[in-house]
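Here come two complexes built around chain A, the first alongside chain B, the second alongside chain C.
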Partner chain A sequence: MKRNLFLLAGLIALFLLPIGQGNYFILILCSWLMFTIAAMGLNLTLGYAGQISLAQASFIGIGAYVTAIMTLAGIHWILAALASVIVCFVIGILIGFPALRVKGHFLAFVTLAFNQLVVLVARNEDWLTGGSYGKFNMPRPDFGFYHIRTNLDMYYMIVVIFVIFAVLMYGLIRSPWGRAFKALRENPIRAESLGVDTRRITLLAFAVGSASAGLAGAIMSPLVQFIEPNSFALLHSLKILLMVIVGGAGYFFGPMLGAAVVILLPEFLRFTEGYYLIIYSAMVIILMVFSPAGLMGIGEKILTKIRPNQQVRKDMEKGAQL
Partner chain B sequence: MSDTVLSVRNISKSFGNIHAVRDVSFDVRKGEVLGLIGPNGSGKSTLFNCVLGQLTPNQGEVMVNGRPVSGMRSNDLNKLGVGRTFQQLSVFPQMTVLDNIILAGQEHHGTMLTRLFGKPDAGLTPEADQMIEFFKLEHLRDEMAGSLSYGQQKLLDAAMAFMAGPSLVLLDEPAGGVNLTMLGHLKERLKTYNESHNTTFVVIEHNMEFVMSLCSRIIVLAEGAIIAEGSPDEIRSNQQVIDAYLGG
Partner chain C sequence: MEQFLQVLLSGLATGSIYALAAIGFTLVWQAAQTVNFAQGEFVMVPAFFVLVAMNMGMPFWLAMIIAMLVSVFLLGYLFKRAIVEPMQRQGHGNSLSLIIVTMALAILLKESVKEFYGAEAQPYPALMSSETWNIGGAIISVTDVLHLVISLGVVLLLTLFLDRTRTGRAMQATAQNPGVAEILGVDTNRMILYTFLINAALASLASFLITPVYLAKFSNGEYLGLIAFIAAIVGGFNQIRGALAGGLLIGVLDNMVATYLTAEYRAAIPLLLLIVVILFKPEGLLGTSEGRSV
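Here is the complex of A and B:
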């Protein structure tokens, strides 16, 4: 009940947030939600299923290029977005295969190399991607009853997509699939001995995470209306990883917080000019030392402090008798 | 023999120059409770892992219900009705007890798609609650498995092996760290389960009293090879076993 009220308040806040704000700030809000979607995808792969990936930005890129190419060819954005998601899902499965063989650092390197590969292809295949010049002037979607023109229109469209996405993601995490993802993270050998097809679940963890990034890319295309290979470089994958870690890997709303910190905080620190990166990095380091479970971890700590000590575990009550 | 559930043929496994299992063969009949005992390092757990696909043996063959299963992945083996526990604790620490139990059963219900779009608990909550009650873990149902005591986790581990309704269960030291009252209960559970479901068990255990009173037949392993086989009474009076193991 309390939880539902909380969600409702959050939803209302999302709708009120851009009101009275300038165009630039609305654009920042849009990119916050867009990156949240990509980060929630990575949170599934990394936070829930325990598979490291440093290629998330490249999937945003693939999604963005697919959408750009299709919408510039006159195909409706909805179809283009769908195609972006599907393409990223399929390529996500492929990038999952190395994860069946290598883990940890090595997997990080494989995915890192993949990210680099995508950037190179985007840069070199001019005929398809426009090379270093990229793609520009992608049209904003026209839904007949509602033609997206301004950044504010764009923002509300993204909010709607985000809410639908979050609901689906929540359903996924609560489903038996979600349980299997967590089991994969916690103890893959045991999971397999209980009938979980760990290979399939590993591939799906990558596929769903990548498809989410594909959706983010499909949003990015009409949002910024200009994409080029460097927008999807490794640095951006690290940024998305940072969002997941700062927010709290494995917490459902962690990426939302993490993306807010990574996207919005630099804006607030702008007045410090040259020092902003130093301050920013220092804050991240302090957070990680103080709470490896990220901001959500801090929240949880505070909650358990505030709550009355009714939390004595039920078997402790009997403990004295044994 | 048609009622042979598990047939192990000439299994050998070595790690470098350690011969952990040497040419081991035995059969397990339907409904039987077979004990597997032997000194530390005699190759019991390695044998289990070879039988269940966690390790690939250097040589030998395993058949479940007459069907060769060598090289089969353990999740497929589990689907054939083979459950197991590991010697090391193997629960999912950051999931609740209930979720641990449901996970253990969910892959046996419906398809990949119904597991995505169907009920979040795959309709298993009532069954899971029964299992939790069966192992006297009701009061811990919603706790994280990692916060349970060692013995409680051991019971949870066993409970998970039963969730899929297996016809053959291999238990690696189920009694380790479980207190006396619970130990009796666990033995009772296994016996009841064996009688009501005609479930076949293979049990590795160092607790002699537990093994002798539970098992109908016992195999003794020493340095990777079978040195004796027989009823509890025969094993107790076997000189070779006493020298290698019981006598200490």
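Here is the complex of A and C:
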């Protein structure tokens, strides 16, 4: 009951947040939610299924380019977004194949290599992607009854998409598949001996994670209306990974918090100017050295100190250490 | 034919510098199971220490010595003592946490150089003259030959040190089986520290050799780190000669592709090589397979 109240409060806050804010701040809020979607996808791959991926930005890129190319050709945004998600889902399955063979740092580097390859292709194939100049002036979606023109319209569209996405994600994590993801993370061999098809689950974890990034890309195209290869470079994949880790991998709302720290906080810390990333990465190092479970982990630690009778779920604790 | 020889030699020269970074990477991995995602930045940063020292009025040679010492302290000693050691003591040393910390470290180093020194590529003094020899029609660059000689010489010295000296062998023992090494009276923690120091020294050397080619830029590390890792993986993650062979192979391949096939996609070749090797021969071309722990 209490939980539902919290969710309701959060939802209302999401709707009230942009009221009275400037255009620029609304744009920041939009990109916060957009990155949250991508990070929640990665959280499924990393936090729940325990497979590291450094290719999330490239999937945002693929989604953004597919959407840009299709909407510029006059196809409706909904169809373009659907296509982006499907394309990323399929490529995500392909990227999952290396994960069947290698783990940990090897997987990190395979996905990293993939990210670099996508950026290279985007830069070199002018006829498709516009090369270094990228794609611009993507139209904003028109739903007939609701034609999106301003950033505020865009924001409410993203909130609706985000809520639907979060509900679907929650359902997935609560489903037998979600449990299979956790089993894969905790002990792949035991999972297999219990009849979990680890091959299929690993591929699915990658595919769903990548499809989420594709959705984020589909949102990005009409939102910023300008994309170029560098927007999807490795640094952004690292940023998304850090969002998941800082928020607390394996916590459902962790990525929302993590994305807020990466996207929203710099706006409040304007006085730090270019030093923000320096301060931020130093803080990540300190955070990881002292609390590998991320911010949510610290919150939980404090909560258990205040209310010692509350049991910390052991699987969550373990997962957060990934 | 002449062109082929030139391309081959300059590929080997660049490759031998990649190999230095790859060997350091491999050593640290062996000794402390630390995959250092900041290795490229470890190669990028020392060149800036040289520039800072020279801006303070020091001569080039002194600036290089100072930069090497500072790098060994910061990127070797402090990295081990302040980051890797506390994490391993807490039992997170083998997990993804450490990988993520080194990624954050990479961002930290890159952004620091960008903010405190500058985002523009800085000219960097060459270590030696840019003369060329003409041997049978092929233009041989002296710099290339010297790069090759210096890098291979250092690798040879390092191998001799590891095989022939007591400390070197203790370091190998630590890498192979820390528990037994400890029982036999090896100060394993000290040996691991040595590995980190050697890694930092190798990275600075690579930095001094490669920076005149690329110019000093804060983002150099992205490419260099990736290449170092690819060289290490392709050669065989657990061996010095593997990393050396991998480095040379990548250097030559990169040059050949750029000259004869495609300039746009030259950067893609090492990446594809990495993916293929990891998928079909994860132990590397020269490596022996190690049992994968669960």
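By our rule, the second predicted complex is superposed on the first by the 304 of 322 C-alpha atoms of A that agree within 3 Å, B and C clash if a C-alpha of one lies under 4 Å from a C-alpha of the other, contacts with A are read in each partner's own complex, and residues count from 1 in each chain.
By definition in this document, contacts are C-beta pairs under 8 Å (C-beta built on N, C-alpha and C of every residue); 3 or more make two chains touch, one makes a residue touch a chain.
Please read these numbers as outputs of a predicted model, since none were measured by experiment.
S.K.: If we overlay the two complexes on their shared chain A, which of chain B and chain C does A:Asn4 touch? Say first, second, both or neither.
M.R.: It touches nothing on chain B or chain C.
S.K.: Contacts for A:Ser193 in the overlay, against chain B (first) and chain C (second): which applies, first, second, both or neither?
M.R.: first
S.K.: Pick one for A:Asn137: touches chain B only (first), chain C only (second), both, or neither.
M.R.: After superposing on A, A:Asn137 lies clear of both chain B and chain C.
S.K.: Taking the superposition as given, does A:Arg174 touch the first partner, chain B, the second, chain C, both, or neither?
M.R.: Only chain B; A:Arg174 stays clear of chain C.
S.K.: Applying the touch criterion given at the start, work out whether A:Ser281 contacts chain B, chain C, both or neither, answering first, second, both or neither.
M.R.: second
S.K.: In this superposed model, does chain C or chain B come into contact with more residues of chain A?
M.R.: More residues of chain A are touched by C.
S.K.: Based on the superposed arrangement, let me know which partner A:Ala183 touches: chain B (first), chain C (second), both, or neither?
M.R.: first
S.K.: Check chain A for residues that touch chain B in one structure and chain C in the other, and list them.
M.R.: After superposing on chain A, chain A residues 187, 189, 322 contact both chain B and chain C.
S.K.: Please output the residues of chain C touching chain A within their complex, sorted ascending.
M.R.: Going through chain C, the ones touching chain A are 35, 37, 83, 86-87, 90, 92, 95-97, 99-101, 103-108, 111-112, 114-115, 222, 226, 229-230, 233, 264-265, 267-268, 271-272, 274-275, 278-279, 282, 292, 294.
S.K.: Residue numbers of chain A touching chain B in their complex, please.
M.R.: Answer in residue numbers: 171-172, 174-177, 179-180, 182-183, 186-187, 189-198, 200, 250, 313-315, 318, 322.
S.K.: Within their complex, state which residues of chain A touch chain C.
M.R.: It comes out as residues 46, 52, 97-98, 101-106, 108-110, 112-114, 116-117, 120, 124, 187-189, 234-235, 238, 241-242, 245, 274-275, 277-278, 280-282, 284-285, 288-289, 292, 321-322.
S.K.: List the residues on chain B that touch chain A in their complex, please.
M.R.: 52, 54, 73-75, 78-79, 83-84, 86, 90-95, 99, 102-104, 106-108, 112, 115-118, 120, 122, 139-140, 143, 147, 152, 160, 163-164, 179
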